[in-house]
Structures are given as C-alpha cells and as structure tokens.
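Next come two complexes built around chain A: one with chain B, the other with chain C.
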Partner chain A sequence: MSVSSNKGLWSFILPTFLTLGAITVTPILATFGISLLYINLTMPGPPMFVGLENYAELMADSRFWNSAVVTAELIFIPVAAQIAIGLLLAMVLKEKLAGTRWMRMAFLLPAVIPPAVSGLIWKLFIVPGAGGLAWLGGVFGADMSLDLLSMPSSALAVVIVASVWTGTPFVALLFLSSLESVGDDQYEAARIDGASWFQSHWHISLPELRPAIITVTVFRILEALAIFPIIFVLTGGGPAGSTEPVNYLAYVNGFEYLRVDYAATIIVSFFIVMMALCAPFLVGIARREAKEAR
Partner chain B sequence: MLRTREKLFCYGVAALFIAFLLAPILWMLSSSFKGPLGIFAKPPVLVGDVTLENYRQVLSDKTFLRSFLNSILVSAGTVLASMLLALPAAYGLSRLRSVAKAGLLSWVLLVRAAPGMIFVIPYFVAFNQIGLMDTRTGLIVINTVFTAPLAIWILIAFFDAIPLEIEEAAVVDGATRWQTFLRVSLPMAAPGIVSAAILVFIFSWNEFLFALTLTQVEAKTAAVAILNYMAYQGTEWGKIAAAGIIILLPVAVFAVAIRKYFIQTAAGGVKG
Partner chain C sequence: MRIPTTARLLAAVGVLAGLAATTALAQDKPYEGVTLRVLSTQQPWDAEIEKRVAAFEEETGADVQFDLYAFGQAVQKIGVELSTGSPAYDVFFLEASDVPRYAAAGRLAPFDDAIAAMEGFDGADFIPTTLEAFKYDGKQMGVPYFAATQLNYWRGPVLAEAGFDKAPETFEDMLSICKALKEKGVAPCTALRGKPNTSENVWYWTQIMLAQGGHWVKDYPQDMTPTLNSPEAVRATEIYAELLNDYSIPGSVSAGYDEVVVAMQQGNIAMAIEGAPLAGRILDPELSKVQGELGFAPPPGGPAGRFAPFNAQGWAVGASSKNAEAAQAFVLWATSKETVTDVTLNSSFLAVTRQSVWNDPAFTEKHGYDFGYGEFTRAYAQALADGDPLYRLPIPEFRAVGDRVGLALQEVVTGRRSAQDALDAAQADTERMFRRTGYID
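Moving on, here comes the complex of A and B:
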C-alpha cells in the first residue's frame, strides 16, 4: 500500500459524510416539505398537504415584498461599504505606520464579539440623550440626542452602520493578508516613476487583490443576514418593518405567529434565490481547491 | 517612502476608523463601571460614579451563571463533536484523488452557506418530538451542522501541508492508514487543529439563533440570557454592560491567541 493511493480513504470520509448528510440534508429537505403543508400549531389535527398554496400566499404578501427590499438593502449597502472601506484600510495598514500592530489586534474584536452583544453595544451607544453618541455630540457641540431607532430610515441606517462595523475590520485584514505577498520594491518603483500613494495602490494593490475581492464579496453576501441577532436586539425588525429582512420575517412567522409552514416557505424561497446567485461560484471555489491541493 | 501629506492622510484614516471601531466598545466598558446615576446622567458622562456593583450583581445572578456554564459546556461539546467528525474527513479529503473530491468540497461549502433559519424549523419540530428541546445535547447537534463543515474546510489546508514522504515512511514501517493518521498526521497538524477548535468554540459561544429558538430555560446560553436584563420594567444597562464584557472577554482572548491563524482559518475558503 502507498499513501498516494485512494485505498482505505473512504473509511475516513464516509462515516462523517453520512452523519453530516443525516443532520444537514434531511432538515433542508424537511423544510422544503413543511413549506408544502398546512400546519396550524394552535389547532389540533394533522398537517394537510396544500402544494404550492403557501408560495401563492407569499407572492401576494406585501410584508414579504417589503422584507425582500430590506434584505437587498441590508446585503448590498453594507457589503459594498465593507469592501470599499476594507480596501482603503488594507492599503493604509500595509504602510506599517506606528501602531499598526495594535490596530491589527483591535481589528479582530468586532469579528469575534458575539453578535447579540454587538447589538447591545450599539443600542447602549445610541441611547437617546444618555449614550456615547450623545456624549460625543456634547464634546463637539452638536445635539445628538435623537431617538434614532424610532424612525424607519434612521433605524435602517443604524443597522447598516452596525453591520459595517462588524464586518469591515475583518475584510480589511483579509485583504491585508493577500497584499502581504506584494514586495515593497514594486511600490518604490511606482513612486520613482512619480505615482502618488493612491495611484501606486490603484495600479499595484488593486489588480493583486482582484480575486480576493470577488471571493470576499460572495462570502460577505452569503453571510450578510447573519446580523439577525443585531436586528433582534436593536430594532426587532421595526419600526414598521423597516429593518425586517426575510430571515427575520421567517423567525417572526415561525416563532411568534406559530406559522412554521409559512416560515419554511419564506426561508426556502430565500435559499433558492441565494443558491441560484452564489452556487456556481461556490462550486468553482471547491473545484479550484480540489485541483490546487497536490 | 511616503510623502508627509500622504502619511498624514494614512494616519487620519487609521485614527478615524479606530475611533469608530472602539468608541462603542469603550462606552460599554465604561458603562459597566457606572452606577444608576452615571448610566442615566444627562448630559451623559464618560466616567460616572465608579462602582463594581454591576459585576457583583451579574456574577451572583444564578440564572446568568447557569447560562454561562451552558455556554462553556455547549461550546466544548460542539468542539468535540465537530473535531470527531471533521478530522478524519478532512484527512481523507486531503489525500483523496478522485473526481468525487470536488463534489464533496462543493457540498461542504453549500451547507455552510445555507441560512440558519432553514435548519431551525425542522429541528424545532423534531426536538419537540424526541425530547431534545431545551437541552445542551440538542444545541450541540445543531451547532455541529454549521461547525463541522467549517472545521473540515479549515483542516484540509493543514493536512495538505504535511509532506507525503513522512507518511510514506510510516507506511513502509508497516503502519496502517489509520495508524499513520493517528500517530503521524494528527500530531503534525496540531497547530491547525488547535486553531480550528478555537474557531469552532468561538462560533458556538457566539451562536444566537439556535439558542434563542431551541432552548427556553435549562440550556439557554449566555449570548441569549443577557437579554433577560432587557425586561419589561426597563433595561438594566449597568448589568447588560457588565454581562456583555464578561461574555466577550473569553472569545476576545482566544482570537488574540490564534491571531496568526485567525484570518487564514476564519476566512475558511476565502482566499485570493
């Protein structure tokens, strides 16, 4: 036997994948199934098969369409901001200025703080008239005592800021690690040719980061709705549904209105859309990984 | 070399962002040491009536302490379950040369990309029927749904880095594949295993949706139990701030401990 053969390898792989199949594929299929049923947890009686009726209801549900728009806003605005600011920060950190080592460590924080605690951190920071924002306003002589969470547009803005806060430092560190392979001499050469700091990064760093930008964007899009705990703590989806993305709407239906069938319908629809958008890309990454290694 | 103006610009950007990043955290830290007077002072104060009362109350709150213990046990259990599943699979996939490999890897990524809600609904129904509702075991199972694929993806890279010649030597000495894996490959991948384990621990510690929906009292974890202080009679911000600091401290320490690997591993597939 040689270690370069496949012999015996399936005994490593199969037990895990069979277990994972049982605890992941089964539930996903079950959720699909539940979305085709009528289940009323508040009334006795077995579930009824209703086909695509829940989906028909969904298509006519204005609250769902509102949450679809909120979902788009909560995915694309924060991800665009995270990528743009992350790029700028990576370029700044690449310069090895005084204190950048400490900055890198501080940058880890938002990525590891429990999201529910992040939500509380922001909620406490903007307590009307008594939070850190009001304190900062006092220092700079501006009145910052508005109740930001009471109005739809400002509540959405707060959630977006919290989402940018959570994701940006991590994105910056990812880009920075991709930039590590670029030697300082490349920038020096550009500088000698008269390029400014910004130009040198535009022409050297950006092309280098291109693949990383694409990958990071896809993963940030897939993970954008992981801010569920932040929304739960900050706004509860309100006011007037202004911060209610689809996964939150599914939660409300399943666990407040006890309509698990409708909750399943919502999340399955979302899953299908996301997979249609991102699956080809994920498969591509997996293929590359499979080829690259050995 | 940077020109002075460019240097100023870089420092400016860095300082602004660090202020944005740290201000809310520092505000929670300072609030955790404030008494009721300081918390609701108008205009607000940065340092109020300094007291340890919030920490004393949180640390003597039996409900919170139980949730903290639950967080430790659930996270440890999730690490154990994920590693038992992920280590052999990652090793096998790393060594596998077959068209099936890309398929299995795609599947790992797709599962990781599925929204948590899609799992919550059937697990909620099933746990109610088989008595796993509000148990730490149940929470470990559903956490593993997410963390095992994550761990597999991370560990493959570390097994890939082990030279085949070293395993070849063990095989020549008559070791079986499993013996080679246990005695040669595992010890060599130790740094990777530790950072993958820490990452799984952090994920499980921070997990909110599953704990919110699948536990009520007994198995509630700290990340959800902290919301008890946002009760009907008004939010107890002092206790929330103290509890928040207590909850984020362990994961912050862990993240700094594995900072060398953190970006590489946490990205889990996000590489250039």
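Moving on, here comes the complex of A and C:
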C-alpha cells in the first residue's frame, strides 16, 4: 500500500495518538518541567526556574546513590530469577502430567494477589519466632527466630524473594504459551535421536523461546519496581535504606518532605536511565513485530 | 383558583412563625447544617473526643466527622492536604514542630480572634511552652492538647537485684547499669525506638546528643550551619548504637514506640525511656505485668545537662477551610477545661496541657502512680520542665533533616557505616538542603 493511500486513515488513528499523548507524553513532559523548577510548598511565593540545579543536587545526594544501587539489585536479581524459574516451570507444566491443569492455576495465585496483600503475607510469614518461617524452622529443627527485616542484607533478600514470588507466575505463563506453539514433532524427532528431556529443551525450546525471553526480560525490567506496595508494607525502605529504590525515594521526597521538584528530578533521571537501557531492545521488539506483521 | 383572604393570612402567619422558629434555632445552634471533617491520628485523645463529640454537635448543630489514621500515614496525608491548600478537611492534627512547615506559607488559620471571643477558655491555664510551640509569627496557629516528653520507666526490684537503687542520672550510667544487668543475666536491659525517622529513633537520640553538648545547628537562628557530625553528636550516636545493639531486645532496629511499650508492659526489660503519655498503656490493669514495681524518673542526661524530649501535639484549622469559624469552635470546645478534665478522669489519656488539670487532686489520684520508686506525675512535671523548646528546630525543613539523621542512625546500628561516616554523610546532605533553602551560603 502506498503512503498516499494511507492519508485517509489518519483520521481513524489520530484519536488514539492524542489519547496516548495525553496520558503518557504529557505527564512525562510535565514532570520534566517540574524538575527544572524550585518549588517550596512550605513557603509562600511562586515556583522559580532553576535549570538543572536539582539534577546537580541529585548527583551529590548520598541517599540517591544508595537508592540507585538498591534499584539495580531489585531489578536485575529478581528478573534473572524470574526468567530462570519461569522457564523451568513452563517446561515442567508443558508436560502432560496428572494434575498439571490444577498446578497451572495454583502457580498463578501469587500473581493475582494484590501487591500490598503480598507484602502483608510475607510480613506475617517472617514474624520472628511466631510466623510461618519460624514454624517451618521448628519442623526442621532450625532456629528461625531472627528478625530478617532488621538486617540490611536479609531485608533485601526478603524483598527479592517476595518480588520473585509475585512475578514468576506471569513469566512462566508467557513462556508456556510460547512453548506450546513449538511443534511436538521437533521434540519427537529429538527423542528418537536419543536426546534427553534436558537436551531437548536446551537445543529446541531455548532457541525457539529466544525472542520471547528477550521481550519478557525487557518488560519485567520495566515493571520490576512495581513492587513498591510490597516494600511499603514490608520494610518501608529500611533498614538503613537497604530496600529503598529510587521510586520509593521519590515518594518520600514528594509526599513526606513535600519536595515535589526534587521528586520529579529523581523520577526523570530514573526514566532516562531505564529508557537508555531498554530502548535498543524495545526498538528491536517493535521491528521484529512489524516484520512478522508483514 | 382563588384562595380566601383568611387562608392567605393564616398561611402568612404560619410562614412567619416558621421563619422565626428557624431563626431561633439558628441562634441556638449556630453551625446547623455545617459538616466538619477532622483529619487526625488513631490515638487515645482522638478516640475519647470522638466519644464525646455528640455534646458539641447537640450544642452547635454541626456534624463532626473523623478520619483517623495510624500516626505515620496521618502525618503524611496531612502534609499533602495542607501543603496543597485542599479544603477537604477543616481540622488537622499537628505536631508543634510542624507548625512552621505550614504556617510560613499561610496554610493555617490563626486562632487569636476565636480564643479572645470565647468566654472561659482561659489560655493562661495552658503549660506556657506548649501554647508557645503552636505560635508562628506571634499568632496562635493551633491549640495543644498533648504535652509530649519521655520518662525513664524502671523496675525497682530488677535493678535492685543488680545492686542499683535508683534510675540512671546519665546515659553513661545507663550503659553501666545495662552492662551489670547483662553480666548478671538480667538481659535485655532495655528497648528503644529504632525506626528511622524524626518521630522515632531521632526523637530518642536527640536527648543524648543535646546532653553530650551537641546541637542541630551552630547557633539558631543566627548561624544555621548544621553540626550533625560534631564530636558530641558522634559520641551520642555511639551511645545510642551501644544501647540498641548490646542491651536492647531483638528487633529494636525496626521498633517503634508500640514495641517498646509492649516490652515494658510485659516485663521483658528492666527499663525503658519512652513517652510519658504511654504510662496508662504500660500500666494497663488488664495487661500489665509491671504493676507495683515500676518507678518513674526523668530521662538520663549527660555532661551538658538533662534534655528531656519535648513536643506538643494539637489541632489546627486549615486556612482553606470553608467552615473555619465552626472548626475553631470545635477545637476550643475539645481543649476546654471541662472537656479535658472529663477525658482525663474517664480514660487513660494523661498527656494534659492544662495546668489546672495537673493540679487537680482527682487527676493525681487517678494517674499519680507511685509504687515507691518515684512518683509518676512528679517525674512527668520534671521532664516537661527539663524539655528544651528547641528540641526540634522550628523550621519547615526539620522533618527532612530529622529523617536524614534517622537514616544515618540506622546505618550505624546495622553496621553499614561508622558513626562518624554516617553523620558526615547526613551533614553533607543537610548542608546541601540548607544551601538550597538559603539558610547558609
């Protein structure tokens, strides 16, 4: 179809572009605009334009750099674990074993529980000496009365485990649907040639799933910090900022210290870094989908 | 249709009579039809006022609705509502140290005219520092109902077991006592707030810092250069960390006042420096295991003296309130002598800001706990007298500074940084914050 013949179609897609612009581009631009101002809600007077001053302050903020490290830990470790466990689960669930239908539903449960409730569940589970973990420890003769949330490394580990717990089912479901599109004849041929279960998946499933793995990884990275409610309920960003990612730091600055300009600066900086990291992959995914559509 | 003249006259008389009755009702109930919304905390005071609010509603015709949240959530929601000038609520809970945060931008409605117009309110009856703490630029921005300080709650028989017959005078003494208790197997010695914010670990730590001779800034308000990494502040942090790590209950690093109260109430610790208003909960007749053995003393001090925590809590009215007059009338009713006396004599609430109540024998009889190890009301009055009005700096940015120090304290107690390193970082961040707001060059 020629370009000129597309002209008439603009009137149909324009409303979608306008709506997308209003709900995505406008807030981003507004947030960027706020980050260039000095806004003090606790003092009289209008906002002042300060250029990149807030960004310079951010670069000198030790709490921000701590949050940046925590953010990296809370993105890459859980996403890697979700991909690995999700793949394994998908491969197991693909097998037509007894009860796999019910197992599929059971595996999905953590994904449908609201994040704040997940946070509460984990908080109750690890209550020192009285939660489910202490009980489990008792069953196996181990002393699990430690307060895991009072130590930086264990608190971070708990958040990571909770993140993996809530994110993995969705990943497994996506891999499973991709895996089911791979023809059974390939596995059959491999089996006849003497390939083991592991070899079949290593040489057939993984190459076939490669595009899905890249897509899921990119989207999980972008969504990784959606565990904000879990952090809010479970640790409040502590102890000592060990579970305080940048979106939590932005929340604290905006809603507790009423520094909306600084909160906007944190969010814009984070947005830029995430886009720089993920843009090549997003472009690749878009190109591949366009190619497939043709 | 033609209406007879007599009927028309009767109708007119009826309407006039109705109007007159309505006017009389309006005079009797000046806020008929007004709905007041209160945004406050889930604390005993709020619950007790909510129980009694029908009397105010009956008297004025106003309908008072309470939205009560846990302390942290309430403070945050109030921050958003007040700083954005939202008219959704009329009455707000405020800590006195937060008054400058909102008064500077004109977010609060001054009470001066309302207080002057109300007969029998008797402003002179308030503990002067509490009322003063709610002033900004000479105007009364709220009315305090809660005088906050801390006491040393200590179990006489337990300390006697280790050879001590009185509460520690200084924090260094406290460390010695805790060490002795630990060596004798009476551990843990104490429990303390570890949550990293202005209202928790910093509320506790500040008294050690001031007692060591430290200050928040060089010379308030002339020289606002922060002094958070001074040798005194570093020593205070080391004392705080030693108390928490070596002599406190497990989990103290994330403990708030609730955990401390339960530990003391259940007799799990030998002593605790905790909120004076919490005595009622610690000695709850149904739950307490320390009845009869608890002593009360002002908190320990240090080389520079004793600096018991001091803050007042109260209610303020938003400048954006559409019912400011009614809202102020409600606050003045709630903090009147009659209401406060009724609340204190019929509940566990005792953090009273009115001196007449403190001097009331009925109040002393109800709350004057004395088990032979120091009397409660005397210790409370002493702690209030020792309170430093600059315990928290009266600047809008104080909460951000306090929270930053709170984070540094947690870094120390969790072993992530030394006291000097953590406070150096807090100092640098605070200097940056103060430079931005123009306090320092």
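To be clear about the criterion, the second predicted complex is superposed on the first by the 258 of 294 C-alpha atoms of A that agree within 3 Å, B and C clash if a C-alpha of one lies under 4 Å from a C-alpha of the other, contacts with A are read in each partner's own complex, and residues count from 1 in each chain.
Rule of thumb we're sticking to: contacts are C-beta pairs under 8 Å (C-beta built on N, C-alpha and C of every residue); 3 or more make two chains touch, one makes a residue touch a chain.
These numbers were taken from a predicted model, which means no experiment stands behind them.
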{"item": "Partner chain(s) touched by A:62 [first = chain B, second = chain C, both, neither]", "value": "second"}
{"item": "Touching partner for A:18 - first (chain B), second (chain C), both, neither", "value": "neither"}
{"item": "Contacts of A:255 with chain B and chain C, given as first, second, both or neither", "value": "both"}
{"item": "Chain B versus chain C as contact partner of A:276, first or second or both or neither", "value": "neither"}
{"item": "Touched partner set for A:192, first chain B, second chain C, both or neither", "value": "neither"}
{"item": "Which of chain B and chain C A:151 touches, first, second, both or neither", "value": "second"}
{"item": "Partner chain in contact with A:239 - chain B first, chain C second, else both or neither", "value": "second"}
{"item": "Interface residues of chain A shared between complexes with chain B and chain C", "value": "255"}
{"item": "Residue ranges of chain A touching chain B (in the complex, touch as defined)", "value": "1-4, 6-13, 15-17, 19-20, 23-24, 26-28, 30-31, 34, 85, 88-89, 92-93, 95, 97, 99-100, 103-117, 120-122, 124-125, 127, 129-132, 134-136, 138, 165, 168-170, 173-174, 177-178, 191, 196-197, 209, 211-212, 215-216, 219, 222, 225-226, 228-229, 232-233, 247, 250-251, 254-255, 260, 263-264, 267-268, 270-271, 274-275, 278-279, 282-283, 285-287, 289-291, 293-294"}
{"item": "Chain A-facing residues of chain B, complex", "value": "1-3, 6-7, 9-11, 13-14, 17-18, 20-28, 31, 39-46, 85-86, 88-89, 91-98, 101-102, 104-106, 108-111, 113-126, 141-142, 144-145, 148-149, 152, 156-157, 160, 164, 167-168, 171, 176-178, 180-181, 202, 205-206, 208-209, 212-213, 223-224, 226-227, 230, 237, 240-241, 244, 247-248, 251-252, 254-256, 259, 262-264, 266-267, 269-272"}
{"item": "Contact set on chain A toward chain C in their complex", "value": "38, 40-44, 57, 60-63, 128, 145-147, 149-152, 236, 238-242, 252, 255-259"}
{"item": "In the complex with chain A, residue positions of chain C that touch it", "value": "75-76, 79-80, 83-84, 100-102, 104-106, 194-196, 250-254, 396-397, 399-400, 403-404, 407, 410-411, 413-414, 416, 425, 428-429, 432, 436-437"}
